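The structure's right below; bear with me while I get my questions together.
By written order: A, B and C. Residues from 1 in each chain.
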Amino acid sequence: MDLQTLIVLIIELIGTIAFSISGAMVGIRRKMDIFGVLVLGVVTAVGGGMMRDVILGKTPSAFVKPIYVEVAVISALAPFLLLSINKRLMHSKYQTLYAGLMFLMDSVGLGIFTAVGVSTGWTAGYHDNMFFLSFLGVLTGVGGGLLRDVMAGVPPYIFVKHVYACASIAGAICCVLAYRSWGQIPALVIGTIVVLVIRIGAAHYRWNLPCVKLEDEE
Amino acid sequence: MDLQTLIVLIIELIGTIAFSISGAMVGIRRKMDIFGVLVLGVVTAVGGGMMRDVILGKTPSAFVKPIYVEVAVISALAPFLLLSINKRLMHSKYQTLYAGLMFLMDSVGLGIFTAVGVSTGWTAGYHDNMFFLSFLGVLTGVGGGLLRDVMAGVPPYIFVKHVYACASIAGAICCVLAYRSWGQIPALVIGTIVVLVIRIGAAHYRWNLPCVKLEDEE
Amino acid sequence: MDLQTLIVLIIELIGTIAFSISGAMVGIRRKMDIFGVLVLGVVTAVGGGMMRDVILGKTPSAFVKPIYVEVAVISALAPFLLLSINKRLMHSKYQTLYAGLMFLMDSVGLGIFTAVGVSTGWTAGYHDNMFFLSFLGVLTGVGGGLLRDVMAGVPPYIFVKHVYACASIAGAICCVLAYRSWGQIPALVIGTIVVLVIRIGAAHYRWNLPCVKLEDEE
């Protein structure tokens, strides 16, 4: 395995770990048992890529390369064990810590998988279809978190967190452009960074996208 | 592009606009920001066809023909801008207007996409498998709205609105029969009209399908 | 059709009937009308296998062999008619009966479809990839019930019922091992039995998997 393949694999695994932890945290928060937590972690980690591969008409890489699921299982297990051992971490004063870690893990996963989705579409031969490449990136990026939230019955992050889809779309487009100019590795790095910067900036500076307030009648 | 292709494209675009507006309205109602609204509009508009194409084993047309997504984005933007500009439209006295428009957009989308699903299956070469053709029609018709409601966390239209699946099934079957006798365009028109007539009739005459009332213990 | 094919078909149909009834019961409980109940029954019965076939890149068997959907429709119709005719069955004193039947139907479906998923992957030529085979089994087993619960808006069985995913995973692994030693029929039977034994044991002896209790702030 040459250096480039190795770097790509490492980047993918970081994204897998991040998303799997975010899934596990949602599962723990929803008081699921250990298997529910593991399932939710794995679904979050491999879900987006699975949708992408199915649309590309190839067998999902999660199946042919067990390492992704193995890493996802271990990553989902970690927070579960940590919280089981150290009960103090469950005290409500750690809510902000929880929220912050959840935000970080979800953002890293979103950034990396958005870039990975673009790169997968590129290697699948869709060099010219910038639209399709971006779409694959966004689908791969938001797919896992969307499955996680829908399965756990919580309001999807993509709709409640501001500039979530926005960050993924911007990252995907930058990733495609970077790919054309400098190739795969820079594209992966730049795409990820763009998403992270937008997400963190939005959270820190309270960026809000316009939304219409209707009188609530529910 | 010959006349028939053009007519089919126009019909598909009308369905795309209708479903995208219905998705955007649900998003606005759920107080999503502008990107959430756009995502929900696009998912509603292209979701059903994407499921259909994945099952048929072809790359979703939404990816290869960006026009559908482009039209969906513009259609989802329209109600958002309209409501942002004209705040009066948000007053609760417009609830019935909202409900009516929502019903119309969803019914038109349901009708057109049911027929389009049948026609896509037909052109894919499944002339004889009436069952498969109808199934594809219903999947394409209800798929987008189902994704919309599940993602937005509202009770799926298909289960709460009476004779929703029923209308789609009837329309799909009529569409297949019309296809055999008179070809594509008449099939698309007849399939759509059948769905619309059943939906409007059900709403107007308060048709109710039987349902079992259990004592509620939730 | 030789004997083995016949036995496999019968096993699949039993699973279809069980899952379809479980879907119909959820629909009735959610006060859906007859079409909603039928749709939910069919989705529960064919949903898992459809995901599996899409991932394997083949046209879902539910489409090419209408018998599965036909049997699912009839099975979903049965509890609906029974409850419509015999109102007494709706009295709350039958809640335990309802819960028991629901548990049985869901467990039988989970067991059979887990084994069927493994066997489908095997016949698709993935003899050596034990990981993929098990994954297909679990996906086929839990997929239908997961779609049912997400579409009906109830907390997914897989996350609230203890050792649900656990039972499916154990059954899938045993099924793969049995397949290697004794072939298809024994694999199907053993896989199903393992799932059933674990589910029933978990329910009867109140097995609980560890889960972390966080202070609730919702």
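Convention: a residue touches a chain if its C-beta (ideal position, glycine included) is under 8 Å from a C-beta of that chain, and two chains touch if they have at least 3 such contacts.
A quick note: this is a predicted structure, and the numbers were derived from the prediction, not measured.
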Exercise. Over half of the interface residue numbers used by both subunit A and subunit B, so same, or under half, so different?
Worked result: different
For this session: Fit subunit B to subunit C on CA atoms, both being copies of the same sequence, and give the resulting rotation angle in degrees, nearest 5.
Result: 120
Seminar exercise, completed: subunit A to subunit B, mean C-alpha position gap in Å, rounds to 29
Problem set entry | Multi-chain contact sites of subunit C, meaning residues that touch two or more partners | 54, 57, 150
Exercise. In the complex of these two chains, what residues of subunit B are touching subunit C?
Worked result: 54-57, 129, 131-132, 135-136, 146, 150, 155-156, 158-159, 162-166, 169, 208-215, 217
Problem set entry | Residue ranges of subunit C in contact with subunit B within the complex | 27-40, 50, 54, 57, 59-60, 62-64, 66, 69, 80, 83-84, 90-92, 95, 150-153
